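Shared between the two complexes below is chain A, which has chain B as its partner in the first and chain C in the second.
Up next is the complex of A and B:
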């Protein structure tokens, strides 16, 4: 991921800030500048809940990391990786890893909370990227 | 090193990674007698950071825990100082990411601190000075680390991860910092040269002329400057490179088990370096009552100690009311053991 693209998204990566249409109330995540329902450009920042529930998930067992760590983005993730679609509030879903658990611990409907983790290393010399991941609520 | 302006801790938060490795597991790899190591270091297990955890993520989690206890607008924080010897960047402050992750206003000053294991308390002293000088309404400061140890080094048993951050200010203070002082010398007990992956140390030299001399001298200096006696304190917390050093320092200074036991977490989480004495302070604040007096002395190799005299205020009861933020006990209890090879994998050493 290019540095400017990562940097522009840090607000929603770090703080789960979406946007809400002032006219119809529809919430978007990631943020949008124009509402898809009524074409209104009047949207405001909308902090999302940091807790949600798992709608569905999958388990990846093939490493996403680049062992050579050269020139490419290294995805910082433990394997096996559980990727889930999480409902944070009605109609607002995010796709994110579920960490610190065994895949068999996860069920559809499980409650999860957002945590702040490293997601990317741009090679050994490049920037580090941080974002939300989720873990089961204890 | 203090004045009569009242200021102190408004809120606090800590974070300890979930993974733990038992001393037995490391002793098996190092070919040592686990029971002898456990007895010698007074250490059962240590925390291990996840593959995606570093000093930045630990600091953010601690900062968020700290702020979740208050209704404070993060925009009122004027200074963020974070101490560590494992800042992920050599050039780009950890605090810049923390500031954005807590939605602080860019109209603030940020700096990273370094002084081995006392970088966190050095940051607290600087943050306190900013508040007392009216250069900051609130400061957020403390220490976090993901400590490094070379495979086979005795440090491998203790080098752990964790952190604690404190919101300092003049209003709604839950523990007033009534006095702080430091004791610093040029002592080469432990160091890491530029570009080196792991630290080096002087073995037994890290004891008498380093840890004990500075902890005892700084604590005695604080007692002298405040006119307080050891018996005046309800709690005492010291830096804890291992359990044995902590206990010996506490006893050398004349503190009783009742006073020092709640500040000692090293046997369960290892040495969290810049976070070590500060997480101990968090555990004390989780339990303390208004009026309780706390003494804290950190230690950083190189070498120096910072001592603090804190008095718990009535506002601590208000802070605890309905508080659902994880306390130290939560982190001590929520753990998952890993094997040595899993620890290596989490450190991504397998990829060379």
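Up next is the complex of A and C:
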């Protein structure tokens, strides 16, 4: 991902900041300036809940790429990678890795919390990208 | 309402075609279709090319011009369309609309993809561009991973089993034995699927469609031209398309492809047909779970019932409904942008009664179902003998 693109994204996307319609209360992530339900333009910034529950998940067993051979971003994840769709608030779901867990411990319905972690390295001396990942709540 | 027919079909063998170039594949399929229609390239009024990611796979864009030139078309409008794995279905629909509009009498839809010139990881990355870059691929989500999450939820909600999913792969491999264009013409057993390498739980290697090179083409004509050209025009009874949010996690029900539901509803309305009138369907089985969702979303069984419907043998050749008589994407192969057109080639072959050992008996209509991504795009066509 190009640096300006990552910089633009990181402000709201990867800090989990959505927007909320002042009129009807619907929460959007990513942010929107107009509500799809009532066309109201009165929306305010809304930090999403940092806790949620797993709706579905998978354990990705095979690595995507050997970045040493290819000029590509390194997605920093250990294999196997547990990926899940997490419900943070009603109608607001995200796809993200579940870290610091044994794959066998993950269930549909498990409660998780957001943490901020490195997710991308651009080459050996390039920029690092950070984003949300989740771990099981203890 | 004006009628539009398919009057010519052509396709290449699908597979790992190391000796054939991207442009050669398109030329071969397109030329075969022109020849099959009894036309010359100068009779074509417009061209729609479906290719998902020729830029990433072979570093070639501007494929409308490329194939118009290769095929010797007469400076006609040549347009590339893209809707991920549904690019081919969209190309047919655009050619159909071009004829309905009156701007063209005879149009070509051509789908081409050359996937094996890049490494498997580059191909996986190219395919992942059909998901949300910012919210899915960025976190390491691949297509097997996304469909695996659909499968997990389907199992959780409806009691669907991995064996039921495996049965789709087994059946599609069996059908492909009789398809000379298919990538895999070899029978497999449920144990083979269950024992194959785990890619992304619960999706195993033999639940996945392969990486495929290939091209397919159809020639569409208005009623007057079609009747002059052939005694067996295959009519387009319906052509419909739906869309949905690109990210799986944004869907209210992640086991339902709303784009498919919408396209199917429109297709049944247009054709005045019901699901029970369809005895042969080519569905988009990029993963085995996708075949289950398709049967439900197209209306052939109730939501959540597809696993049992398949287990009871309803989807075999000449059973209740013949699903993927061609071998489907799983065994025939999945050359992304060409897949939707290869489905139409199968539909026409079946309706012309030329499918030999995989022929579905007494069919009047065939449906094709082509999906982009995890369901961000869906295209449904119904073809018929009248």
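Things worth noting here:
By definition in this document, the second predicted complex is superposed on the first by the 129 of 138 C-alpha atoms of A that agree within 3 Å, B and C clash if a C-alpha of one lies under 4 Å from a C-alpha of the other, contacts with A are read in each partner's own complex, and residues count from 1 in each chain.
Criterion: a residue touches a chain if its C-beta (ideal position, glycine included) is under 8 Å from a C-beta of that chain, and two chains touch if they have at least 3 such contacts.
Computed from a prediction, not measured in an experiment: that's the story for all the values here.
Aligning the two structures on chain A places chain B and chain C next to each other without any clash.
Contacts of A:108 after superposition on the shared chain: chain C is touched, whereas chain B is not. When both complexes are overlaid on chain A, the residue A:100 reaches chain B alone and has no touch with chain C.
After the chain A superposition, the centres of chain B and chain C are separated by 150° when viewed from the C-alpha centre of chain A, nearest 10. Of the two partner chains placed by superposition, only chain B is touched by A:116; chain C is not. Taking chain B and chain C in turn and counting the residues of chain A each one touches, the greater count comes from C. Of the two partner chains placed around the shared chain by superposition, chain B is the only one that A:128 touches, whereas chain C remains out of contact. In the superposition on chain A, contact of A:32 is made with neither chain B nor chain C.
Using the contact criterion defined above for the overlaid structures, shared-chain residue A:23 touches neither chain B nor chain C, since it reaches no partner.
With chain A fitted onto itself, chain B and chain C come no nearer than 12 Å, counting C-alpha atoms only. Taken together, the two complexes place residues 65, 77, 119, 133 of chain A in contact with chain B and also with chain C. Residues 10-11, 14-15, 65, 67, 69, 76-78, 99-100, 115-119, 128, 130, 133, 138 of chain A are the ones touching chain B in the complex.
Chain A makes touch with chain C in their complex at residues 1, 9, 13, 30, 55-66, 70, 72, 75, 77, 81, 83-85, 93-97, 103, 108, 119-120, 131, 133.
For chain C in complex with chain A, the residues that touch the partner chain are 119, 121-122, 124-125, 133-136, 138-142, 144-145, 148-150, 152-153, 156, 197-203, 247-250, 254. By the touch criterion stated above, chain B contacts chain A in their complex at residues 18, 50-54, 56-57, 60-61, 64, 88-89, 97, 100-101, 103, 334, 336, 346, 351-352.
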